[in-house]
Amino acid sequence: MLENLKAEVCQANLDLVTYGLVIFTWGNVSAIDRQSGLVVIKPSGVAYDGMNPSQMVVVDLDGNVVEGNLRPSSDTPTHLELYKSFPEIGGIVHTHSTFATAWAQAGLDLPIVGTTHADYFANTIPCTRDMTEAEVKGAYEKETGSVIIDTFQSRGLNPVHIPGVLVKNHAPFTWGKDAHDAVHNSVVIEQVAKMTCMSKMLNPAMTMNPHLVTKHFERKHGQNAYYGQK
Amino acid sequence: MLENLKAEVCQANLDLVTYGLVIFTWGNVSAIDRQSGLVVIKPSGVAYDGMNPSQMVVVDLDGNVVEGNLRPSSDTPTHLELYKSFPEIGGIVHTHSTFATAWAQAGLDLPIVGTTHADYFANTIPCTRDMTEAEVKGAYEKETGSVIIDTFQSRGLNPVHIPGVLVKNHAPFTWGKDAHDAVHNSVVIEQVAKMTCMSKMLNPAMTMNPHLVTKHFERKHGQNAYYGQK
Amino acid sequence: MLENLKAEVCQANLDLVTYGLVIFTWGNVSAIDRQSGLVVIKPSGVAYDGMNPSQMVVVDLDGNVVEGNLRPSSDTPTHLELYKSFPEIGGIVHTHSTFATAWAQAGLDLPIVGTTHADYFANTIPCTRDMTEAEVKGAYEKETGSVIIDTFQSRGLNPVHIPGVLVKNHAPFTWGKDAHDAVHNSVVIEQVAKMTCMSKMLNPAMTMNPHLVTKHFERKHGQNAYYGQK
Amino acid sequence: MLENLKAEVCQANLDLVTYGLVIFTWGNVSAIDRQSGLVVIKPSGVAYDGMNPSQMVVVDLDGNVVEGNLRPSSDTPTHLELYKSFPEIGGIVHTHSTFATAWAQAGLDLPIVGTTHADYFANTIPCTRDMTEAEVKGAYEKETGSVIIDTFQSRGLNPVHIPGVLVKNHAPFTWGKDAHDAVHNSVVIEQVAKMTCMSKMLNPAMTMNPHLVTKHFERKHGQNAYYGQK
């Protein structure tokens, strides 16, 4: 079942190691088959070394395991909430990468101050609000998804234009049109988080003009995009 | 004697190099066989390159060498104090890893501000008090152990829930159920020390809600833990 | 056509990866053949892995593609402006290397406070001014070149003595007598940007005497240079 | 002539690359044969890749080339001054390693706040004073040596107990009983510079008790040293 998607998701999980974004079991990637509404995700707490596609777990959007001998990632309910609310996305990545996590721990939005950021994210990357005691003690991982969605809705943000978020006191989630694209965005958010951490120390008052942000985002993602070979 | 444990301890010492936590001879791992009360530890000042299990030194809890041609780590008395006072632990690691040592040199507790931290340590990781001149000029390494134990007792901390400490102006010690687990915790403390160093520079007023800390620690270590495949 | 130059430019692009200055497609190198007035440059959005000389694009100084099946780097007009205004230079590099970009995002000149800097750059490395909305919405990449040139002219800087610049909210450009030399300077600017970032955090009031700057620059680049084997 | 010493010095130069302390030609190692008063040193501006012992240059203490086809390091007169004034030392290293250079650029002493530092350096590592215009325009490299020596003499420091220095606005020099030992100290100074840079950002008021400093230095280097296997 979904053999290609399982191979893709497995490879995307391994890519997190290659890019230096995870150690131990600190990350997970999923992808969705929109036709069947089934999601393929990394098993919980399994090491990356020796991981293979047959270990991937298939779940439906209610979280029922449809195929697989292992338990799915404990973060599965967060992924499912995002797939349900963000219909354009096909893959999701969660890591505890160093600098993006540093911003999440600081409880700060990652401000847009450079074209590296604007090439992929059309604006500041939001940091979610504190979760309430009820949310944490309840369906915690599902509520984590709800808080992300609430952040995007209440701020009027488009998840296609801002394909990632910092969960306060936790770490980043990123997404994309597929698992590979979501991993790409997780590399970008870490690199931008590192550069902007240093920029903030050098000049806390740094700013960027909105017209430069728009130019770079549109150059790659707009109607008249002209970056690359397409 | 204790051939399996010597192999484990040797491998755990070599893992410190693989994880980038030590250079030269700046670290040591030990493990205890609780049945016999014997401790296996790295020899003092011996390079990691080419290290093998037969070089490990076996000592009793009074520090007498029971087997081995080399002198045990100069930090052996610190390890022994911890084994005597913390009966649940089976392995201990000492490194001078960069960011954990930076916090120890700063003389600051490593505050809990993220789930990465809370997944392994149930609260802030304490930094010990200054050692007195008498303690330093006396049985220094043994007194180092006593100061660690005193820190946990006077603050009412459980060493199983907080498997590590920062020794002021020195560096971290971590422990765990065995040598492998103690090494795992030494990787975690370094990674958390790095992330939280950056978070503190971004926002010195950062905080984390206690219910989120508890949730993450319990998710992995509580009665109803549901992380992983167990 | 220009087979040697295409090989050189291809290799220089690959060197950016080796030196850790680029990920994905975040950088480009070009070189000019001053006799024919033709420029060889990396194709736009093409991955470094597997890149070969035949993929390099040849353009004239008006930006017309003279040879090549791929579209040239979207930054080509910036390169062309620099070649037209700085007749002594033979190669140009653009990267988003971490620390140089951090200074560019901070909108700050990279101050000269060390001999590492002075060995290659005779003074502070300038950061350009904000680009106007008209410049950004117009011929953006060409205007980026104009702003760089304007920075050097208005400040009375010699691009041979200061072979690089920080484009505000963007990233560094460096140049040199050929592509290899320009790559060398892109390594230097990143290394100096990192060291001076740390120096600024340690001592925001740091300074360097002008006579020491002059000594080091002249020791390597002056009439009576005596560094090396020449 | 001095074939063993040439092999040692060549290897020590290559070790700088292995330890990540130098890029390009940014460093040099020398060693002295105290019997003959001859010094073996790296040639100036020669790349490390492919370097071999036959390229090492032999000079006397007046700087005359006694053997070798290449020009000696431009920093040779600095090395010679140190050998003449510090009779106990046998090897010298100069690098532009990142964090040690950051402190030198900041113009600050590297304060002693940890046992990692105290295991090798018995006190704060001094940063030299500004060089005068006359010193810089005169016999610059020789004067650099004089300023180092003056720093140790005027502060009453023992170069055997503090085997390194930060030259203001320049970078570190370290030394030791031979070239290998000097390289070891150059690794230590860089690692300590990095840790203490982070410590200072976390707590600018950090301090360390003198009795702890003495204990650690003496444990390794004192009359009754008991670290290691000796």
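By letter and in written order, the chains are A, B, C and D; residue numbering begins at 1 in each of them.
Just so it is clear, a contact is a pair of C-beta atoms (placed from the backbone, for glycine too) under 8 Å apart; a residue touches a chain by one contact, two chains touch by 3 or more.
Since we're looking at a predicted model, the values are computed, not measured.
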### Task
Going by C-alpha centroids, which chain is farthest from chain D? Tell me that one.
A
### Message
Since chain A and chain C are copies of the same chain sequence, what is the angle of the rotation superposing the Cα atoms of one on the other, rounded to the nearest 5°?
### Response
90
### Message
Centroid of chain B to centroid of chain D, CA atoms only: how many Å?
### Response
33
## Note on the structure
Whole-angstrom distance, CA centroid of chain A to CA centroid of chain D, is 46
## Note on the structure
Residue ranges of chain C touching at least 2 other chains are 200-201
### Query
For this entry, which pairs of chains touch?
A-B, A-C, B-D, C-D
### chain A-touching residues of chain C, taken from the complex the two chains share
23-26, 43-46, 70-71, 74, 96, 98-99, 101-108, 130-131, 133, 136-137, 140, 169-171, 197, 200-201
### Query
Once bound in the complex, which stretches of chain D touch chain B?
113-116, 184, 187, 191, 194-196, 198-203, 206-209, 211-212, 215, 219, 226-229
